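Pasting the structures in now, so scroll down.
Below are two complexes that have chain A in common, paired first with chain B and then with chain C.
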Partner chain A sequence: MSAYAWIAVAVLGSVGSIARFLLDRAISLRSAGSFPLGTLAVNASGALVLGLLTGLAFSGEALTLAGSATIGSYTTFSTWMFETHRLGEDGRVQAGALNVLVSIVVGIGAALLGRTIGAAL
Partner chain B sequence: MSEQALKLTTYFGERARVGGRLLADELLDAAARQDIALSVLLRGVQGFGAKHRPRTDRLLTLSEDLPLVSIAIDDAQRIEALRASVAELPGEGLITLEPASMATDGGDFSADSEIKLTACLGRHERIDGEPAFAAACRVLREAGVSGATVLLGVDGTIDGERRRARFFARNAGIPLLVLSVGEAARIERALTTLRQMLPSLLFTLEHAQVLKRDGQLLRQPAGASPGAESDSARVKLTVVTSEAARHRSRPVYLELVRRLREQGAAGATSLRGIWGFHGEHEPHGDRWLSLRRHVPVITEMIDAPERIVRLFEIVDELTSERGLVTSELVPTAAPFGLSPGL
Partner chain C sequence: MTPTAGLGHIVRSQHHQGSPGDAAITTATQTEHDSRSRRIDPSELLAIALGGAIGALARVGLAQAAPVSTGSWPWATFAANIVGALLIGYFVTRLQERLPVSTLRRPLLATGFCGALTTFSTVQIELLKMADRHDWALAASYLSASVIGGYLAVFASSAMVRRVRALA
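Right after this comes the complex of A and B.
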């Protein structure tokens, strides 16, 4: 990978994480509950975009930059786990299980949908 | 320092800035500059203010802007001066002023009334090997007071090296507060023991009423409070529950703040303690490797007397079995800040 690609990874990575912060905060402030809808929206939309990119047959450095750097820093596994743990801490085991299950179903569905759309374009 | 003191409490957001500086730093600096006897900064775990913007540590992204509570206690003259400088700050929040007494004989407490005791200890202070806050809770419980909660300060100032040395002889650490409410005679008995254990204990006494304990309704909150001549007078309700206490599978303190926000209450703040008891339960804190937390959580709401009566219905429903509910008269409460937004 060229030096420019490394710099692009750093720049796109920060763009992804800022986008996540803004979207997560906007949704969390509106939903106002303690169910982590913001994180779910971030992860699902990230999966959709990543599916779209592979559907559009991005590969090589372009996929690294758009996929690993941008979407990789945009979506968050750790927050998903952390907030599920918080639900468990609150004794909301059903909500925690739902957070895991819905994220998986919606996430895989979004990736599939993205790839299908990408391939059709 | 005279015995009649004032307590200035400021409620605001963690990210609030004044110029380029954090409002929290500005407040503590002001307290230090003006040699305030005690100031402590507490970080809440959830809440909302006049704009009804939710703050919670349950969601990672929102937890970077939690509610803060800054408390300053000293004689009336110094606190009025501090209040004047705080009121000018272009932040956004609520300021309250309450009378407090810094000596057992300094307040007008009749034998049958109830008292709120706030004791300040060092974070790592110990008495005969036992953490001082745990010893204080034990003494308070043995005296039969209604409850006590230990809140960790995240910052604080104590005027002058002399007072710091006196109150923190074995630890110059950050102050923590032990808040306790009970019958005057019981509080005074506990205080006598505490002062034998810690001769230079820094504490304040305030008027308070226990409304509800362990599901038992003792009295209703005063609608039009006696002495509330001014329009800025407010009533403060304080609800102490265990973090483990549930209302239909949701923690009581989360449900309480959610409903208060729905009902358009002026504001509410929850503070998580590290240790405490209320009612007939052993003092409790967290257990090692236990998923659920067992620390006490204090939720405070300040509102107009007539609205408190309505909000108390929510509190009453959510504390049907457990919890301690107290009320205090807040003679002066005023929003501060000029800048919209935030």
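Right after this comes the complex of A and C.
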């Protein structure tokens, strides 16, 4: 990749991270419980968009920038695992297990839906 | 995740010296609520942007350096995710329970860097590709190793920080 592409990766990584923070914050402020709905919404919507890009046959540098750099930074694995661990630690084992299962099912479903839509466009 | 930087660390440190108590959980939740009702601090966004840029560069760099061939284990994504889970457990436990309150370290290191270093969406696409090839064994092992490994990584790094504190 060119130097410009690496600069773009850094900028798009910032954009994705800020978008994740803002959506998570907006949802967390509106949800009453402590179930991590914000991260779930971020990860599900990111999986949908990355599925869409894949369905639209993005490849090479375009996929690296729009997919890996932007959507890859937007979605997060570490926060998902961290929140699951803290739910378990606070004795909310069922909520923790649910957070894992729902994220996986919704995530794969969203990616598949996005890819199907992208391929049909 | 909302970057909590209130007084939660004081309560949490008491919480982990004894058995998990409801009072500690309640107070931690209240602290989180207080920090959520704050207005967005521009320097907080800047910290997230900086951490996110470095995290994205590291993950994309790793993916470029170790490209994954069809039908094989996605090592680059896997490594980034497990390392990111280790680091977020370390950073957040340390910031909440050990170090004095800092408003910018958590957005920089946890929300920005660890958040962008790790990825959820790429894992889903990798799983779809494995499913396309009916490689169910690879998909099942990759998914379970990621989730179990990620959870254990947070557990181990959090425990390590608390152990160091208990000895100090």
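We take it that the second predicted complex is superposed on the first by the 120 of 121 C-alpha atoms of A that agree within 3 Å, B and C clash if a C-alpha of one lies under 4 Å from a C-alpha of the other, contacts with A are read in each partner's own complex, and residues count from 1 in each chain.
The criterion applied here is as follows: contacts are C-beta pairs under 8 Å (C-beta built on N, C-alpha and C of every residue); 3 or more make two chains touch, one makes a residue touch a chain.
Computed from a predicted model, the values in this text were never measured in an experiment.
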Touched partner set for A:M1, first chain B, second chain C, both or neither: second
Greater chain A contact set [chain C / chain B]: C
Partner chain(s) touched by A:D90 [first = chain B, second = chain C, both, neither]: both
Chain B versus chain C as contact partner of A:P36, first or second or both or neither: both
Chain A residues contacted in one complex by chain B, in the other by chain C: 21, 24-25, 28-29, 34, 36, 38-39, 79, 82-83, 85, 89-91
Contact footprint of chain A on chain B as seen in their complex: 53-54, 56, 58-62, 244, 246, 249-251, 254, 258, 261, 291-293
Footprint of chain B on chain A - complex, ascending: 21, 24-25, 28-29, 32-34, 36, 38-39, 79, 82-83, 85-86, 88-92, 94
Residues of chain A touching chain C in the complex: 1, 6, 9-18, 20-22, 24-25, 28-29, 34, 36, 38-39, 43, 46-47, 49-51, 54, 64, 67-69, 71-85, 89-91, 100, 103-104, 107-108, 110-112, 115
Residue numbers on chain C that touch chain A, as the complex places them: 1-3, 20, 25, 29, 32, 36-37, 40, 45, 48-57, 59-60, 63-64, 81, 84-85, 87-89, 92, 107, 110-112, 114-125, 127-128, 143, 146-147, 150-151, 153-155, 158
